Amino acid sequence: MIDIKNLSKWYGHFQVLTECSTSVARGDVMVICGPSGSGKSTLIKTVNGLEPFQQGEIIVDGTSVGAKGTDLPALRARIGMVFQNFELFPHLSVCDNLTLGQIKVLKRSRDEAVERGLRYLDRVGLLGQQDKYPNQLSGGQQQRVAIARALSMDPIAMLFDEPTSALDPEMINEVLDVMVGLAQEGMTMMVVTHEMGFARKVANRVVFMDKGRILEDCGKDEFFGAPRSERAKDFLARIIH
Amino acid sequence: MNYHWNWRIFWEESPDGVRTYGETLIDGLQWTLAAAGCGWVIALVVGVLVGTLRTLPQSAPIGRWLRLAGNAYIEVFRNIPLLVQMFLWYFVAPELLPSSAGAWVKVLPNLPFVAAVVSLGFYTSARVAVQVTAGIESLAGGQLLAALAVGLSRPQAYRYVLLPLALRVIMPPLASEGLNIIKNSAVALTIGLVELMNSANAIQEFSFQTFEAFTAATVIYVALNIIVVMGMQWLERRLALPGTLAEGMR
Amino acid sequence: QEPTGTLAKIKRTGTITLGVRDGSVPFSYLDDKQQYLGYSVDLCMKIVTAAQKQLGMTDVKVVMQPVTPANRIPLMANGTIDLECGSATNNAERQKQVAFAPTMFVVANKLLARKASNIRSLADMKGKTLVATAGTTTLKQMTILNNEMGLGMTILIGKDHPESFLMLETGRAVAEANDDILLAAQVAASKNPADYAIAQEALSVEPYGIMLRRDDPEFKKLADATLTRFYQSDDYPKVYAKWFQSPIPPKGINLNFPMPPQLKAVLAKPTDSPDPAAYAAVPPAQQAAAKKKAK
Amino acid sequence: MFSQFDFDVIARSWVYLFQVGMVFTLKLTVLSMLGGVVLGTLLALARLSSWAPLAWLAAGYVNLMRAVPLLLVIFWFYFLVPYIGAWLIGAAEPVKVGAFWSALVTFILFQAAYYCEIMRGGIQAIPRGQLLAAQALGMHYWQVMGNVVLPQAFRNMLPVLLTQTIVLFQDVSLVYVLSAPDFVGLASKVAQRDGRLVEMYLFVALVYFVLCSALSWLVRRLQRRVAIIR
Amino acid sequence: MIDIKNLSKWYGHFQVLTECSTSVARGDVMVICGPSGSGKSTLIKTVNGLEPFQQGEIIVDGTSVGAKGTDLPALRARIGMVFQNFELFPHLSVCDNLTLGQIKVLKRSRDEAVERGLRYLDRVGLLGQQDKYPNQLSGGQQQRVAIARALSMDPIAMLFDEPTSALDPEMINEVLDVMVGLAQEGMTMMVVTHEMGFARKVANRVVFMDKGRILEDCGKDEFFGAPRSERAKDFLARIIH
């Protein structure tokens, strides 16, 4: 469903991504890991066109992301995205956060949007919080609202960029639980994370990046078990205490 | 000093034989408010527009050109004294029009008012634009990405997310620009608008009660200031993001 | 006996400050060499010379301080200027604030307009735009008459006479109200003098005087004596001719303005009376306003 | 369309405009800035004083100045300064103060309110430890301020102070209402005398635009350098 | 030489110091320790009058610190103080930092001040750095300059407020070495620090504070060896790994 072919990207003279290729099939859960600055966030943002790229090709559900004339907003509306810092809209109530995209982009009626928004709010265990504002919620709650916001657009796939790394330890699990549930229901997911527990539990693919290159791209069991590149080994050793 | 104080001057009839000097002052106040108010509308609209242009991504060539245009706009309207801008709009602009249009414009009864509003509006808009840009940039990109990721188009992202947030952030500097435009409207006396300062000056010319006239003007300006500050504080509280300290320490 | 007031100040500081005007041709104005000059300035210099002589000083520094009609009276009161050498009307109201030297000219408020617009009297101005200069008696009179005669004119206000004329010249105002002699000078200096006409109707009689500070009898006495002597001397006609009947800087225009009979009368019997009736028959427009004032 | 315009008037008068008008404007700007910064700094210290009446007095002054239009202040002082002068030196009659000195006093007193707020921000940004360290060396209040706090505040705030000075430079044009011979005032006298408003005011606008743009470009460069030093 | 008697101090309604009494004799090295917020910094700052106090008495070399009319600047000039964050004056070169107090307060001539400043700069091992500016130096170097600055006023005693806690581990020792040297030369010192190694080596007195009270005030050996209050025990256990 998501095909990335020979992707390269530069910031000025600095090459962030070098010839990255991988693909995610319907129902796949792909975990992307690697040291800081290796280009994980950049890679995941190119998938829904939030970051432009200079070389290569990305095809999402038949649509070429980089092609001229692609209706990027329409594409993005079909892919949910969750950020490290939640990025809820602080001036809108939870309910309005959930319905803004549905109403403005999908042109749903307010009633329909609210109904669906609340269904997903319930799904992440926060029904009853819809009239609060983002800053009145804990980090874990905010991130779960962000997931509900993405889900309420009925996405065909979800992108996560370190969804738990800005959270206090107690809150990490409440978010991971929601993500595990999603994965088990068959949602297609690309997840940048250092939570190897999550990867072990639900990933079927793990991608390891360093310095803008994809060094490993293999099944979960292979990644955690079989021999692999020195760098990945180092990285795993450091990350799993 | 041998100055003859006469505070009753404001109840005495002014030379036009219709109004008292006090009423002259009130009339001036109304022109001040009208000029500042209309100018403020222009300043906000143009300022938000130009400020937004300057945050467009530089990657697209059109973005680069709009940015450049926005910067040039700000440079021009910030770097020419307001007084000179008023002269340009009042004395120069009509002469540059085709002569029939110019002749029509020049006999508009409210030309000083129109010129004052336009110059105050544009002059202030450059300052507002700088604030708007800073406000949007302070949101540090994350909100824009999130809005785009939801599928909003760029204009929608600005309309529903970035601008509402940025305007909240820049409320205090906007408030002081709002005060400035009231004070700056006094410059319009140089193009003959009989606003508050000018009517105080007229009282002074006709009655020679210089210090009474200026004292009254000063008191009115200070009162205006207090009202605007309180209004802005009220607005700021009302628009404060729920769950932040700006809401007030309760 | 020690001098007092302004004379004492001159003696102490060695300086006298004249309030001058940017564009009251030919009374007091700025030429193209950035010098202030004119009929009033010449008269003031007579007073300065007399003061210098009386104080027994060899050198008095003369500072020219530009003033506008709107600020000349407060600036006189607060000591910024010592003599106002412009084209100030002497009236009873102003005499409460300042003193005047003996009348040096007598003028009438009139209207100036383009010939094409056919303005003969104030009544023709109904609903039209008029310009007058801030701080002048003319502006005050026009404001009153506008209301009294129900003319509904829009009155523009120029900062000084050149700006007022500019309003007329650039078509912003249909007519300019001002003292007739000033209007004549403006027309003469304009790009196309033939385009303009001064309306015949005289709206007032006004004596011009050099302003001095009030309650300064010693300086006033000196000014009175100096000017009285000068008005009756043989020099006076030369000075009059120099400014009103010969080419004057900067453009070498000749106003060709013969000495009006009212002026002749007052020169023969110098006075600082603020009462217009002391100089000529007062036009009805001015009488009405004066009546209003009294009630 | 420009056929009836005569830009010759600029060729004839620019030397004079710069030699007299611009010199007047610059002199007023620079002297007002110096006086304003000194007075503003004193006001800032007063506002931060632990003696409440002094702090209130300074705050009241600053707020009053910032509440009224500069033009009103200019008029006030043009008429009032001679009386204040007389009162200060105990003279019986008002002291003669010309447009320049009156404007200078006005701008110093007015701008000081704005410089005060800038310096106050700068002083408050200095870590408290600096104050303690200086006191621990045995320095008195004025030594602490003069040698440790103010130099740092001043250096950190230099770009902001200069930006305010550009505003001041533009504000000086308002002495036009006093018929003072500043750049705008002289230009308008020439313009009115020769009936060449369009040409003259366009020229004036251009001159200000070029000067202010250049100045603010310099300030931006300075700002980057200060940011690096810190 | 420093006598503290029944010292109490409040911030508003909050009591920071409660009835503290202790004294430091000439040549003593007193180490003050205790948990964060216990009032150590406040106590040490009252000694040279940087913090006013409401009750009790402090006598430094015969001068009552809290008394009205005491010339505090003169007193402070005779006591050196070193802060956690160095607090060198960033707008002055090292040399000017060293001479400012000498010239302005002690009225020494510039030449004399420079000569003495350089002597102490040498003493802390930094001769040759006098023309640099503080932020061109490492933290450890800055702290040593701060010590030299205090010393160049020829103080009768030195106060240290956690002089090493803002330093990277590698730099702590270069500063402690200087302090040990000073102690061994017989300088009277009050030192707030958590460096128990330093205390063991040179302190002759250790004061333990908690919640604004002095709980222990005893010889070094007693503090590290003999039984003592539960809190101090807890504290030591946590601090010495």
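In order of appearance the chains are A, B, C, D and E, and numbering begins at 1 in each one.
FYI, a residue touches a chain if its C-beta (ideal position, glycine included) is under 8 Å from a C-beta of that chain, and two chains touch if they have at least 3 such contacts.
Here's who's who by UniProt: A, E = ATP-binding cassette domain-containing protein; B = ABC transporter permease subunit; D = Glutamate/aspartate import permease protein GltK.
The structure presented is a predicted model; accordingly, all values stated were derived computationally and were not measured.
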Touching chain D and also chain E, the following chains: none
Pair joined by the larger number of C-beta contacts - B-C, A-B: A-B
Relative to chain E, chain with the most remote C-alpha centre: C
Chain B and chain E, separation of their C-alpha mean positions in angstrom: 56
Between chain B and chain A, distance of the C-alpha-averaged centres to the nearest whole Å: 45
Inter-chain centre distance, chain A versus chain E - centres from mean C-alpha coordinates, in Å: 53
Whole-Å gap between the CA centroids of chain C and chain D: 36
Numbers and ranges of chain C residues touching at least 2 other chains: 74, 77, 159, 170
For chain D, residues that touch 2 or more chains besides their own: 79-80, 83, 86, 94, 177, 197
Pairs of chains, among all present, that meet the touch criterion: A-B, B-C, B-D, C-D, D-E
Contact footprint of chain B on chain D as seen in their complex: 1, 64, 66-72, 75-76, 79-80, 83, 86, 94, 170-171, 173-174, 176-177, 184, 188, 197-198, 201-202, 204-205, 208-209, 211-213, 216
Residue ranges of chain B in contact with chain A within the complex: 59, 142-143, 145-153, 156, 160-161, 164-165, 168, 241-244
Residues of chain B touching chain D in the complex: 1, 3, 75-76, 78-85, 87-88, 91-92, 95-96, 98, 179, 183-187, 189-190, 197, 200-201, 210-211, 214, 217-218, 221-222, 225-226
Footprint of chain E on chain D - complex, ascending: 127, 129-130, 132-140, 143, 147-148, 151-152, 155
Chain D residues within the chain C interface of the complex: 16, 20, 78-83, 86, 93-99, 102, 177-181, 189, 192-193, 195, 197
